[in-house]
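After this come two complexes, each holding subunit A, first together with subunit B and then together with subunit C.
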Partner chain A sequence: MSAKDRPIVSSLVNVAMWLERRLHLVKVWKATAGHPIPKSSASWFYVFGSMTLLCFTIQVLTGILLALVYIPSANEAYRSLEYLNYQQELGWFLRGVHYWGSNCMVVVMFFHMTQVFLWGAYKHPRELTWISGAVLLVLTLALSFTGQVMRFDSDAYWGIGIGAAISGRIPIIGAQVVNLLLGGPIIGSDTLSRFFALHVFVLPGAVIALVSLHLRLVLLKGINEYPEPGVQVHKQTYWRDYEETVHKDGMPFVPDGIGKDLVANGLLLIVIVALAVFVGPKGPEIPADPAQVISEAKPDYPFLWLLSAAALLPNGSEIILFFVFPLIAAILLFGLPFYSNVGEKHYSRRPISVLVVILTYLTIGLLTYAGITGPWSPRMEAWSGTPTKPEFIAGRSPVELQGALLLQGKQCRNCHAIGGEGGHRGPDLSAVGTRMDQPELVRQVIQGGGNMPAYGNTLSPQEVSALVSYLVSLRPQNTIPALNPTNPEKTERVSSGELPKQAKVGG
Partner chain B sequence: MQPRTLYWILLFGGLAFLCGCDRLPGKPKEKDRWKPPTEIKDFAELFNTNCRGCHSNGKTLGASISMNNPAYLAVIPKEVMQKTIEAGIAGTEMPAYSAKTGGPLTDEQITILVDGIYNWAKGREAPTDNLPPYSAALGDVNHGKAIFAQDCANCHGSDGAGLKGKGGSVVDKVYLSLVSNQYLRTTVIVGRPELGMPSFRDDVQGKPMTPEEISDVLAWLASHREGPAPGQTAPKGGPASKTQTSNPIE
Partner chain C sequence: MATNESESHPPVHPEKKSYSTRRDFLLQVGAVLNAIAGFMIGLPLVGFILSSLIKSTPPVWFSLGPVSNFQEGAMRMAVYENPYRREADGQTARLTCWVHRISGDQFKVFAANCTHLGCPVRWFEESQLFLCPCHGGAFYADGEHAAGPPPRGLYVYEHKIVNGELQVKAGVLPTLAFPV
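Now for the complex of A and B:
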């Protein structure tokens, strides 16, 4: 049976041909999807670029659906998310896919850039491909960041606070930038509108424009051949050799080269859906309320390392973290294809690059891990709600019991656990009586130090005395209290700072 | 079966699974939904977040007296309990909870707390014979000293300064500066059974203390205090204002 015998098919063919004669679709197809690539680059390592694009597509689609319900006003934003979570059928799933799609996009993009870096793909003549990719990284992080603000809960406040802290440190125009970002001096409805406009119009628009440029460059400058150790990039000969390879030993991307991308993207889709189904969306947490400082807030995964870095670095180093460090990182990132333009591509001949990657992954990985498990935030309800295990109460004298009550009432428990229960911002005090003697304990309570506030002004001498007598009693049975006036190192405890840094980070 | 049919079944089956199953682990659960703290109406949750840190609920141990003690609930009048929670006890770690004084709890929540606490004694009420009044003025110091020697010295030493392994000092100046006379009275009446301190009925076998003896022994204890007794002045601030002013990270 030929097309002529089936009227529907033949009229469809006619329509297609009509369109083809006007749009030259075959030619466009050949020049884009069917463009020739080196056979060697159909590798499992080359799939991350298309995976990033898949994530972005998912974000756009789910984002449009979310925008149908989401109301970008300080009063309504939270409610519309609750509506999605609890009323709208599968609304939670939509939120979950958008949330995990965003996290996956950052991760996959990071893998993509790592691969491009290690395989030397940014070298001549693909400098601009790298730079447009680096801009895309910045835009993606900005999308992730503004997206977290959309929840407009306590975590969003953390995000805006840190965003304002970073922008405020830009020399000369810092204050104006903060004003522009927040839409006024404080965080409010105007702030949310601005972040909404950024999140759904400005940033996605910029991403689409840059992705177009990026893909255009990929077509123009080709896909990096799989590098081989010992093969050098020379500006004079590289392009000629590349064209020859593609000509002699190339294949069209579609259909011959796309197989691995399809498999990898299918897997990624399954991962994102599984995360949405099994872990679900994040929040919304406690509603944002300027009157209530919720210090337990945590940013989304892509920024957790910042939280831990801010908490771990010594006081006064914010200027380094928020201004000097991003500046250096940007120079290194954008300058890469210029200061490392030619030469070896294969990672086995570029030990420094491999080291850089390992160090970067270790740093970000460890900081993120610290941010996930991180005890930086006090537990605000421990003082009234967390009981003390019997072994830390029984056998205490009445005055020691008063000390235990002060430890609750003065909210020490919010930062200090006993028997593992309570906050973990400061050390667990279960056996503090074996580590510190009475004068040391008095000094610690009165002067604070490290990340502990000083209580000299808030406690009466009797209260300090009762507290310390309880702390001295915190030691395993049948052990003697710490007593070491001869050990100058222990008695002369130096405190390294005064105020917890988080307050400043949070704005 | 044709492979294509299989795909469709998988696709629609998957969708039906998503729509139909309310128990997907990722679906936000109603119980995790954020509620304003003033809307919590569950007694156990209210007690466990607001009181358990200091007072036992019968399952945990608190540094202050247990609320889950029928003997205690037999002696403290309900209105006093309500007032204490509302206004706290000035000069001690007992915070004021009423929203009217800046605390976190509404009147309704405080009523739920009080009712819930008294419900603990349901069905295991303590005997009410010979029960001394919950509060009374201090009695005679000298007679109190003799009563102490008779009823308390076994555990707290004849001078009240404590006996190793039995009971700690109850005349410690720091201790006395931090507790109210009412609290001393409450513990003498109901004891701290969870810590081994007997109630007024059991200090001496088979011979409960009389109300006079209790007031006298308290007068003797209080006579060791230097400075004012806590719990006398009007309460100031509540835990909410407290949470904010001493918010450690502010």
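Now for the complex of A and C:
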């Protein structure tokens, strides 16, 4: 039975043919989705690019839907998020997908970049593909940062404060940059509005433009063939060889090469939905009330490593961290396809590149972990809310017990843990009696030093001696107090067998 | 794939010389016209973007209430309305500073923003210290740097006493570039 016998089919065919004559669909298809790729490129390692694009698509869709309800005003933003979470049908789900989609986008994009780097895909003639990708990385991080400002809770509010404080360190024009960042002299409605405009118009628009360029370059300069160890890239011969491979041993990306991308993207989608459903959206935490000075201003995951670096680097190195380091990183990142243009592509022949990747992952991973635990942040409630285990109290003399009370009451535990509980800004004091002797402790308490404030003005001499006698008693059973070798009197006493007098329990 | 793209376009006829002067003239007039028009639109756009810079918003004097609100010898947080507030600011217009009434008419007023990276510092009466929750910066009661990464002591607001009211000069977020 031919099409002529069935009028509906034949008229549909006619419509299709007419569309084809007007739009040249076959040609467009062949030049885009059906473009030929080397067979070796259909690898499980090559799926991260399309996964990043999937994340971005999810962000645009959920973002548009969230914008239907979200109100970008300092007065309303927080309430509209609560409304989304608890009253708007499925609002919590959309917020969850948008939040986890954003985190996944950063992670998957990082994997994509790592793969492109290790497989040498950035080399001749794909320099611009790499550079457009690097710009996309910057844009994505900017989207992530402006996105967490949208939450406009206390963390977002003080997060902007951190942004302003960093900008305020720029020489000469610092004050002007801060003013432009905030849209006025202080954080307020204008600040949120301009971050909103960046987050929903400027940055996504730029991403769409850059993604278009990125994909256009993939079509023009091809997808990287799976590299073989020992095969060198030569500027004179590479493109000829590549075209020959694609011609002889190529296949259309759709339908032959897209299978693994589809599987990976399906799995990613399931992961994002699962995270949204089982973990849920983030915040909003406490409202952005400047009178509530209880915020640690912790940023979202993609920026935790920066916060850690700011906390861990030696005092005064902020200029290096915030201005010199990004400059060097940008030069290395954008310059890569030019200073490493030809030669081996396979990672097994590029040990330095492998080392760079391992070090980068270790650094960012460890700093992120440190950022989650935040050991440099004092525990502001530890002095009033953290109990002391009995072994650190039992058997102490009244003076030592008074010292224990002072240690709690003077907020020492906001920075010092005992038995692992309390702040970790300063050293754990569970066994401080084995490390420092009485005169040393007195000096440390009165004068401070090494990141500890001086307490000479806030403690009376009796209080100091009570506190120090308690500190001396803090040591494990059957250990002797610390001895200062420069203190001959004490050394003598020890050698004459007067110790250990105290057999107290601790640690 | 890009090689046969040119085939789909009609070939461009080379222009005859006689037309070129008129066309060149129109091209130049068009370019100049667009440059002028672009400037006319572009300048206000740039002005709009920079408007917060152009409009001067210096710190201003306002009252924190009667002196008797502050106990002698004590440190207290004072909440005030941002002098440059807009209605849409909501509760972000409620700003804070720390006020130390040392004795009598002797005051010292500190910004709550840590001098390291701007986190909010909190006063701890018992240990007589400001502690910063972010990276463990600490300041003494007189605002001086006590410990941690901050590069200097707390930002201090100017203050004066007028008709029994404590007035301070504030309203701009203090940073190292603009330490009030």
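Before moving on, here are some points about what is shown:
Note that in this section the second predicted complex is superposed on the first by the 439 of 507 C-alpha atoms of A that agree within 3 Å, B and C clash if a C-alpha of one lies under 4 Å from a C-alpha of the other, contacts with A are read in each partner's own complex, and residues count from 1 in each chain.
Convention: contacts are C-beta pairs under 8 Å (C-beta built on N, C-alpha and C of every residue); 3 or more make two chains touch, one makes a residue touch a chain.
It should be emphasised that the depicted structure is a prediction, and the values quoted were computed from it without experimental measurement.
Look at A:Tyr86: by the touch rule set out above, it reaches subunit B but stays clear of subunit C. Once the two complexes are laid over each other on the shared chain, residue contacts for A:Ile352 go to neither subunit B nor subunit C.
In the superposed pair of complexes, A:Cys415 makes contact with subunit B and with subunit C alike.
By the touch criterion defined above, A:Ala165 reaches subunit C but does not reach subunit B. When the shared chain is aligned, subunit B comes close enough to touch A:Pro284, but subunit C does not. In the superposed pair of complexes, A:Ile480 makes contact with neither subunit B nor subunit C.
In the superposition on chain A, A:Leu68 contacts neither subunit B nor subunit C.
Of the two partner chains, subunit C is the only one that A:Asn179 touches; subunit B does not reach it.
Once the two complexes are laid over each other on the shared chain, residue contacts for A:Ile8 go to neither subunit B nor subunit C. Taken together, the two complexes place residues 287, 293, 295, 377-378, 380, 383, 409-411, 414-415, 453, 458 of subunit A in contact with subunit B and also with subunit C. Interface of subunit A with subunit B (complex): residues 82, 85-86, 89-90, 92-93, 96, 275-281, 284-287, 293, 295, 377-378, 380-390, 393-394, 396-402, 404-406, 408-411, 413-415, 453, 458, 460, 462-463, 465-466, 469, 500, 502-503, 506. Contacts from subunit C toward subunit A in the complex involve residues 1-2, 8, 49-50, 52-53, 57, 77, 79, 82, 84-96, 112-114, 116-122, 124, 126-129, 131-136, 138, 140, 146-149, 151, 171-173, 175-178.
Interface residues of subunit B, counted against subunit A in their complex, comprise 18-19, 24-28, 30, 33-34, 48-54, 56, 60-64, 93, 95, 162, 167-170, 172-175, 177-179, 195, 239, 242-244, 246-250. Those residues of subunit A that touch subunit C in the complex are listed here as 24, 30-31, 35, 73-76, 157-158, 161-162, 164-170, 174-180, 182-190, 219-220, 287-291, 293-297, 307, 310-311, 315-316, 318, 376-378, 380, 383, 409-412, 414-415, 425, 448, 451-455, 457-458.
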